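Note that subunit A is present in both complexes that follow, paired respectively with subunit B and with subunit C.
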Partner chain A sequence: MSREYEFSFPVVGENFDDAGKASVEIKRLLKELGITGDILRRTAIATYESEVNIISYAWYGTINIRVTDDNILVNILDSGPGITDIEQAMVQGYSTANDRIREMGFGAGMGLFNIKNCSDGFEILSEPNKGTLIKILIKR
Partner chain B sequence: MNLILLAEKLDLTVRCGADSLDREVSGGYSGDLLSHVMANSRKDDVWITCQSHQNIVAVSALKEHAGIILVLGKEPDKDTLEKASLEGIPLLVTELSGFEAAGRIYSLLHP
Partner chain C sequence: MTIREIGDLLDATILAGENHLDVEVKTAFSADLMSDVLAFAKPGSIMITGLTNPQIVRIASIVDNSAILIVRGKIPPAETIALAEELEIPLLSTKYILFETSGRLYASGIVGCVRKIEGPGNVVPL
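After this line comes the complex of A and B, so read on.
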């Protein structure tokens, strides 16, 4: 019998105090579902980077996770300024982070690159002044 | 090698997580850019950094590090200590530089 699980986590922009909180919780839930090793590691990196992106750049957003027998599907939808040049944003080391974000060790310009690198499927859609949707697929 | 022995050899001071010091350290990662640490560090690594704010705890929890070593005499923020205690992540401090701490830990792990 196939089973599916779905979780949703809200993330608030600028809330650096709680950065990583949703991802730690997501990892715990995935572990409870028996997901381990490289799949768990890759999902944790992808959700963490997504969470930090929402906090750093958007007003608010949601991380949705769907776990099926074959895949882990993560949709990250935010309300925010959007990304005007996606191709440039994907380049390793490119970042629009301000000094305050960088001082904390964020804004290395690795977030989207890390997410893509950890995913078996990756799609990014963005509309300026509206927000960004990132769809990630990780095969189990 | 576990953290107790490592702390002894490098004369590190334990700030929290004393209960988890028997944890085995299999390697290390040195860095202050959180995305690099997320991408490149491994489970059971000891993380050497000069970042002392609370966000290091989530990174370390997600990567399942053996512990965090703050170098250059950095002290963890109050929030960092609270969160690390809650997650059971050992936080240790030293006056050593990141270079020296990493070098000495590498020598101990790869005699």
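After this line comes the complex of A and C, so read on.
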């Protein structure tokens, strides 16, 4: 029998204290659905990086997860300033992070690169002063 | 080495996760940059860091670290300790600095999660 699960987590910009809370919960839920090992870990890392990105750069956003028999699909949609130069933002080490982000141990310019690295499929769309959509696919 | 043995070697204080100290550890990742932990740490490795905020526990839970070892004698806030207890991740604090801590563990047979980073996406494994 084919089953699909879908859940969604809101993330609020600048809520640094709660950074990672949604992703820890996402990982727990995925584990309950029987997802384990490398696939669970890659998904959790990708959502964590995305969550920190929303908190660091956007006004608010949502992490949507859809689990099918074959795939885990993660859509991260935020309202925010968007990314003007996506190609540059993807470069490892490039960052526009402020001190608050760096104090937390983030802002090393690894985020988007790492998200892509964890994914089997990756797509990013952004519109300045509107927001960013990242679509990730991880094969089960 | 087990986490308990690592704690003994470094005169560390056990702050959380008392019941999970007999886990065998082979690898470690030392960093104050959590982005790098997310990118390079391996499951089962021990995280060695100078940060003390609750995010380190959430990161450890995401990458499946077997323990967190805080260096330079820092004692994390109660919130961090409580979260480590809740997520069942051993949390230790040693007075040794990051360099000394890493060196002593390396000399005892613990190795890094990867050997070096040659370039974007080009990680040299052990």
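Annotations for the structure displayed:
Note that in this section the second predicted complex is superposed on the first by the 140 of 140 C-alpha atoms of A that agree within 3 Å, B and C clash if a C-alpha of one lies under 4 Å from a C-alpha of the other, contacts with A are read in each partner's own complex, and residues count from 1 in each chain.
We adopt the following convention: contacts are C-beta pairs under 8 Å (C-beta built on N, C-alpha and C of every residue); 3 or more make two chains touch, one makes a residue touch a chain.
What you see is a predicted model; the values in this text were computed from it and never measured.
After overlaying the two complexes on the shared chain, residue contacts for A:Ala19 are found with subunit B and with subunit C alike. Contacts of A:Met104 after superposition: both subunit B and subunit C are touched. Shared-chain residue A:Phe122: touches no atom of subunit B or subunit C.
In the superposed model, A:Val91 makes contact with subunit C only, not with subunit B. Within the superposed three-chain model, A:Phe7 lies out of touch with both subunit B and subunit C [touch as defined at top].
Subunit A uses residues 17, 19-21, 23-24, 27, 41, 44-45, 48-49, 104-106, 108-111, 114, 117 to touch subunit B in one structure and subunit C in the other. Residues 17, 19-21, 23-24, 27, 41, 44-45, 48-49, 91-92, 104-111, 113-114, 117 of subunit A are the ones that touch subunit C when the two sit in their complex.
The residues of subunit C lying in touch with subunit A in their complex are 31-39, 43, 49, 51, 53-56, 58-59, 61-64, 87, 120-121. Listing the residues of subunit A that touch subunit B in their complex gives 16-17, 19-21, 23-24, 27, 41, 44-45, 48-49, 52, 104-106, 108-111, 114, 117. Those residues of subunit B whose C-beta lies close enough to touch subunit A in the complex are 32-36, 38-39, 43, 49, 51, 53-59, 61-63, 79, 87.
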